[in-house]
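The structures considered in this document are given below.
Each of the next two complexes has chain A plus one other chain: chain B in the first, chain C in the second.
Presenting the complex of A and B:
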């Protein structure tokens, strides 16, 4: 478990309580409440425009206005984005957002935040999970392929050694071998105690790594399922995620 | 012979522009602020140089004290003013920094900036040096060397320090930088401070050539905006090349065809770049 110490009596959990979020006057989230325990993968599923990405951006303080509470291990997640990141939450955004003019090594270095714990993620871990990055350390990241850029942003987030990591559609448009590498990295992060929120259109990946599943519609959770329930109900969930 | 002399002057103007434009580029890159007050900071640097020498400070000390003093003014400006409009639409920062430029200029008018002040060249840097059959003013060679040394030092620091890595990351994508824990506010304070210090260094070093008065930075500001556009918004290496291109166009244009023709040539080039290659010389500038 990496070192984001818990206050006495607090649960190791990222908790959303009655979260509302707004862009301008448009309300996107309507009273969202759920928990992300440490060392678990919580999948947010739903059609486009239902509020999944907004949930992640609200966590990082990147929406215009929010109401309700987000707490991390009992402490309220608030203030500017960098402070939320320093509290132990990090985001892998949906459109990759590598630092294009920095090399792969520099992208990793700028994010690296050792906590001093024995199981901190290191450069070596990143290269072991994503060997392709090891071959491209001195290459400008803007010149990487889409799949390599996606690996880089996931590795970069892991090197920040967060308590919680949020991934927004990390496999969108990727070839199967890249998807498998992303799945491996999610499992590796979970095994080190990191709590993960995964927003994903691809149900097979979500089912492969997820522990909890929340289906979001119009900014509200309409159904929550455990892993066994989701596996048993996969066909119906897939249908719910398909535009008629 | 004329061409060689013009080339030296082109290098001198390019070097001054380089110091000035690097700051403009950094402030835009990290803060998305088009800083119209940068010219006033150049003037403030030049005037501070004059005040320091009037107080009896040696030239060498002035060259250090004035940039540090103006750099601290830059930190204060960012903390007290620019931070209040962070992430607001660009037009807000345009208007605010334009007002700030007028404010600084007004203050300089009240403290001796209405008249052209002469800053003497120190004895050791006076006279001319014979290079390859040409007589070149020593001070102009000195200014070019100082500008190039400062630029190389800044670039090495940007490439090799943690601060530089963070600046370059935030320059690429400020929002993502914040998601990874980069404190953009503190970073911007330091970036505006360093940029103001560079503008002041250009102002002090340029004062014996361009003289010092309240609006001496205005012409430099216009040329620097052309430099930043040619190099590509936010592109540091673009700014380095563009500064010397602009310096050469202005000096050779003035030398052979007159000042107006030089400006017309420069503005035509900038318009062509904006239309056809808006990302600048290296194609890495930002298009908003």
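Presenting the complex of A and C:
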């Protein structure tokens, strides 16, 4: 279990309670409520513009205004973005932006935030999960391919040793071998006790790694499924994700 | 694997690459500084010009600490250069003539004030930050005239006593050269060390993408504030030394024109390279002296040169020299 302080009696969970979010006067999220238990992968599915990314950005304090509560292991998630990150939640946005003028090793080093737990993510773990990064340690990260840069931003987030990690469409535009590497990293993070929110258009990846599935429409969860239900009803989910 | 990764981490943490090589570099740098004044024996003006160029180099390095490391562009950096000059000048007239104490007191005063002002400024980014630095520098500029009884107003701060070092008066041009040279070398070594440290890497990370840096827990504003205060403090050191050397401070030190010149040193030399701005400042100062002695329209020529440099060599003097060096190394390797 990743070592982020858990107050007595609190569940190890990232909890959204009746979350509303606004950009200016436009309300994007309408009373969103769901849990992300530790050591699980929660997939947010839905068409573009339905509020998936806004949910992640609201968690990091990047929307204009929110109402409702987000709590992390019982403590309210609030304050500037870096403080939310230091509380134990991190975001890997969809536009894979590395620190282009730093090498791969330096990108990982600036992100490394040991918690003191025995199962903290280390450089070795990053290289084991993403061997390509190991071959590129001293290369300026701005010169990496798109797939390698995506691996790096995921590895960077893992080395921050968060309690919860949010991935926004991490496999968009990636070749199949990179997609598999990302899936491996998600499983590895879950196995270390990290709770994960995965926003993903690729249903096969979501079904491969997900434990819980929430379909979002117009800023609200319209359907929630467990893993078994989702696997049994993949066609219905696929239909919900298709523009008619 | 562990050894390799530890080695990587070592590079990041700023450990010296090879002790022998470092000692050689230090010895060479010290030898050049020690010998230089003797090469200009009988040419006191040239030695003075060299000292002016070194002052410009220190202040250029100070701006690169901010702009090169964090991407924050300051249009008002002369405010801190001038603040250091006036602070040291006033302190030398009222408190002590000891050069070390004067510089330390100026550094302390600048660090405190720059931190207070920087705490407001660094919350802004891009053009807003740049314009606010210009506005702030104009406020400091105006203060000189508002408190003209203290600062001398348009006449500048006059009558600054000759500083002392452990009771001995510091007035010989070669001694001043060594002081400027020593401060520049120590400042550069410190800046290079910081660049390789975790702090330096964090600065470069926020320069590349501040939002992503905050996602992994970096307090971006605090990191920017450290850069801003360090940069201001080093600029003030340059100002303090300049005024003690020059014996007077003029409001021109705080002007937007001076800020523009400092920015030109950095761009001309190569933003973010640390060594480049030093080269840019030295080249600019020397060229300014010689070109302005031929024509009053020297700014027109410098403006043209500046535009040409930005187009032809966007990496500045340092970038151009690095390119030549790299191509030469590649040619030598191919020939072997």
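By definition in this document, the second predicted complex is superposed on the first by the 244 of 244 C-alpha atoms of A that agree within 3 Å, B and C clash if a C-alpha of one lies under 4 Å from a C-alpha of the other, contacts with A are read in each partner's own complex, and residues count from 1 in each chain.
By our rule, a contact is a pair of C-beta atoms (placed from the backbone, for glycine too) under 8 Å apart; a residue touches a chain by one contact, two chains touch by 3 or more.
On a predicted model such as this, the values are computed, not experimentally measured, just so you know.
When both complexes are superposed on chain A, chain B and chain C end up clashing with one another.
Contact with both chain B and chain C is seen for A:111 once the two complexes are overlaid on the shared chain. By the touch criterion stated above, A:187 is placed in contact with neither chain B nor chain C. When the two complexes are overlaid on their common chain A, residue A:132 makes contact with neither chain B nor chain C.
In the superposition on chain A, contact of A:69 is made with neither chain B nor chain C.
Look at A:82: by the touch rule set out above, it reaches both chain B and chain C.
Touch counts on chain A: comparing chain C and chain B, the chain ahead is C.
In the superposition on chain A, A:100 makes contact with both chain B and chain C. By the touch criterion defined above, A:124 lies against chain C but remains apart from chain B after alignment on the C-alpha atoms of chain A.
Legend: residue contacts after superposition of the two complexes on their common chain; A:91 is shown touching both chain B and chain C.
In the superposition on chain A, A:227 contacts neither chain B nor chain C.
Residues 60, 62, 80-82, 85-86, 90-91, 93, 97, 99-102, 106-107, 109-111, 113, 156-157, 160 of chain A lie at the contact with chain B in one complex and at the contact with chain C in the other. Note for the complex: chain C touches chain A at residues 1-2, 4-5, 8-9, 11-12, 198, 201-202, 204-205, 207-209, 211-220. The part of chain A that touches chain B in the complex is made up of residues 60, 62, 80-82, 85-86, 90-91, 93, 97, 99-102, 106-107, 109-111, 113, 156-157, 160. Only residues 165-166, 168-169, 171-173, 175-185, 284 of chain B touch chain A when the two sit together in their complex.
Residues 60, 62, 80-82, 85-86, 90-93, 97-102, 105-107, 109-111, 113, 123-124, 127, 137-138, 153, 156-157, 160 of chain A are the ones touching chain C in the complex.
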